[in-house]
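Across the two complexes that follow, chain A remains constant while its partner is chain B and subsequently chain C.
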Partner chain A sequence: MKNIQFKYIALLLVGITCFTFSCKDPVVVDEGYEAPAPPSEINNRNTFTVEFYSRLNEETLFQDNEIDLVVNHINNTTTSLAYLFDRSDAFIGQTSPVVEIGWRTRTKSFFVQNTLNESFVQGTGMIVRPIINVFEGAAIPDTLFVGGCTLMAPLGNPVVVALITCKLDDKMQFPALVKILGDGLKTNKIMIGTVKQNISAEMKEYLKYHLKDFRLSFYATNTAGKNREIFILTPVSFVAREVVSNNIGNLPMYQCKIEYLN
Partner chain B sequence: MRFRKLFLALTIACCAALSAQITELNVMSFNLRFGELSSLEEMASYISQQQPDIVALQECDWKTTRERAPKQAGKAFVNELAYHTGMFGIYGKAIDYRGGYYGVGILSKYPVIKSERVLLPNSNPKNEQRTMLIAEIEMPDQSVLTFISTHLEVSSAQARKEQIRFINKRIRKIKTPIILAGDLNATPTSEEIQQGFTKWFNATDTVLTFSTMKPGIKIDYIYGYPKETFSLVKTAVDTECKLSDHFPVSSVIRLKK
Partner chain C sequence: MILNKNILLILWVIISPAFMAQNLSLRVISMNMKEGGKPANFDANAYSDFIRQYNPDVVVFQEMDNFTTRNGNKDLLTEMAVKLGMFPYYGKAFTYASGDIGNAILSKYPFYNARTIATKPTGASEMRACSWIDLMMPDKRKVRVAVTHLDVSSDEQVRVSMLATINTNILTNNELPTLLIGDFNATPDSDTMNYAKFKWQDIGEGTGNTISSTNPTKRIDYVMGYPKTWIRKSYEIVCNPGLSDHCFIVADVEHL
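Let's turn to the complex of A and B:
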């Protein structure tokens, strides 16, 4: 008799367990943020170009007399909205390459530092043509420096964009990057920088789960001696259409074509 | 026992000295008179000789063409001075002028993290629009200092009062030590200076700064905020320098952290 009672109780318990599990909400898997596909056709009236100069490795950019070539190039072409010089490093008390380019091209120059010690600053120089009222920057000491400026992109309907840059060497910088960018990329922040090749996949994965309303694309070359790649991070209302590899003398330059999807 | 006490006192003194880090900064304020009286190379050479860490510049042109300064036509002052001094340079436009701009600038030995041009209140449209340029500068020890270059209204004490009130309100948001330098167009005994800078540390003396031809008033200043963060090592008005109609003012300021 006792044996039968025990069987009933066991059956009842199994039944309750099955019922409980069957009533639970289905498990929702967070697949992260995925931007909708951009239109297949490019609207050329709504595109602008940013020239990004980089050796895509750990070397300083200006090693020879490349400044002359860059100055000639900027003076003879007016199509690019801005020019970014990755690793155009500066020594405290000496004229930095980007200040010299700004002086010789009569354009506005800025400098976004990556690291700083008492005599040497590693960083990215920026040259822009329009007059700028705000140069934005944020630093999380020993972790990440982000900087850039707000300017009017001369599109079909002119649009204000904040063109910013940073350099990513370690995945520990990703949370800082998200913190600096804030809640999504709603304020037309366009970031062009470099990331070490061995962490770019992790960057993509991290941002997918920690940022919204963005598009991220990478550009790498197969050339030997390169350990970095260019990343372009835009709000979802912009898209990096292409990166064209070019050279100014021996200086590698990448023309980043960005479209505003209004 | 006595030795132990002495050792303890010395240890505490050393710790206190190390925790209260002190930085010395050489700051300059220089109204350039849009380059009417000297070349930009001469000004840059003068600035370099003084070895300042940060310079506040006023009356800076950006690609203008002035009849009174024909040699400066088309020149971007801050670019030129940054290039020749080996410093970083930023520019803040106040007004459009003769095909270019007229405004203030900052030269810094150390990189600028962030900068903003802020227009000052201007209740009388007949007055020239005035501006202040705010820069966050990162020091070699990674601390951040906010530096402001400004040039206040010349014709009205009331307008200057409004502008100083605005500046005082605007700096409340700033968390770092601040140095403000510039041509305030007001004398030390004026109400606007007496009342407007009570919470600031005055890092200049009373030597006259204007004009170089006939010195008669002091209108160029360097101030620090908050007051208790700063002390003065030395200050000087270089009355030998006749590169502009203002004498340059320099102060070595000690910044307690």
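Let's turn to the complex of A and C:
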């Protein structure tokens, strides 16, 4: 009799143990964010292009008389929404290359700095055609500068986009980038910049686990002497369709075609 | 004895940054361009030569044309930026003469943020704007510099209403020391300026009249500071009828 009671008690204990463990919260594995695949067909009525000028290395962009060629090119092609000039560095008190391009192309110029001292500033110039009411930026000294223009993209139905840029040299900048973007990707922020090739994989991995509702694509060339690549970060409602390598004289230019998915 | 030395060392570590902190120092110029630069026949050289002799950090303009028929369809601001080696920002108030008229800013250092708001309260004669830039100086201190041109209406409430809108937009969530510079179309004892002084410090208080440039009898152009802890190092009223009907302000200001 006692033996039967003992068996019942043992069975009850095993049952309770199994029930307790089965009721524990399931372990959730964070697999990060992955954007849904965009439509396979491009809707050309909803695309715009941005010209991104960069040597994709640590050299300053304008080294010779390239400004004349760029001015001619911009004056003769009016199809791009904006023109970005990576490393269009300037000496304080002297004419900035991007301001000169703005003057000669009758456009408005902006500058997103990466560094600053008394005499020299390194950064990315931006040329747009309309007057800009919002040039939104953030400056975290010694860490990260981000900035760009809010303007109307002339799509099938015009859409307001904030076209911003930054330069990433170190993975320590990633948390600052995510903090600055905040919910920005919900408000049509499109970021085109450069990242050092040796940290681009880590950038992709970091954003996957720290940002949502975005698409990220990279463009690198196999040309010797390049240690950087272009990245395009968009909200999930946009997609970078292609980056076409081109040259304006000896100046490398990349035509970035972006589609609004709506 | 060792304890005392340690205490002194800790105290030094705590208070030394306060002694070493440099004041934020800026030279600013305010220029009302009088119909987009008409007195100087819209000549960028004339204005640039004036500005260059002062080597300012920031220049703010009112009544700046942008590609208008009257200025010869040109971007006078960017032309000056090229000549002076500065960074331009244009803020539109309204469409005029096939182009635009508004405020503008030139900065020696690049700005990382810039905005323009335009407002036309009931009773105002036309749309007016306020534009501002945020910039980081080489010592990494940040400052906001704004320019405005308040309406010329006889009704003080129009300007007060504009200022209220400007205050909301410029000062909300703003931790930067800020300057609001320009043509307020109001004398120091007016309702407009009394309202302005609730929030802003009249850095040029007690200085000379600014209009007209041939016979200055009224002070209506100001350099205002926020918070009210700016220091006036120098404040010069420069009258040049060949450039404008307003006298210009050249001010050296500091903020701790």
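In the analysis below, the second predicted complex is superposed on the first by the 237 of 262 C-alpha atoms of A that agree within 3 Å, B and C clash if a C-alpha of one lies under 4 Å from a C-alpha of the other, contacts with A are read in each partner's own complex, and residues count from 1 in each chain.
The definition used in the following text is that a residue touches a chain if its C-beta (ideal position, glycine included) is under 8 Å from a C-beta of that chain, and two chains touch if they have at least 3 such contacts.
Since we're looking at a predicted model, the values are computed, not measured.
Superposition of the two complexes onto chain A shows a clash between chain B and chain C. Touch criterion met: A:116 reaches chain B and chain C at once. By the touch criterion defined above, A:131 lies against chain B and chain C together after alignment on the C-alpha atoms of chain A. In the superposition on chain A, A:95 makes contact with both chain B and chain C. In the superposition on chain A, A:221 makes contact with neither chain B nor chain C.
Residues 90, 92-96, 99-100, 102-103, 106, 108-111, 113, 116-118, 121, 123, 131, 133-139, 141-142, 145, 147 of chain A are contacted both by chain B in one complex and by chain C in the other. Per the touch definition, chain C reaches chain A in the complex via residues 66-67, 75, 78-79, 81-83, 85-92, 100, 108-117, 134, 136, 138, 140, 142.
Chain B contributes residues 62-63, 74, 76, 79-80, 82-93, 101, 109-117, 136, 138, 140, 142, 144 to its touches with chain A in the complex. The touching residues of chain A, counted against chain B in their complex, run 90, 92-96, 99-100, 102-103, 106, 108-111, 113, 116-118, 121, 123, 131, 133-139, 141-142, 145, 147.
The touching residues of chain A, when paired with chain C in their complex, are 90-96, 99-100, 102-103, 106, 108-113, 116-118, 121, 123, 131-139, 141-142, 145, 147.
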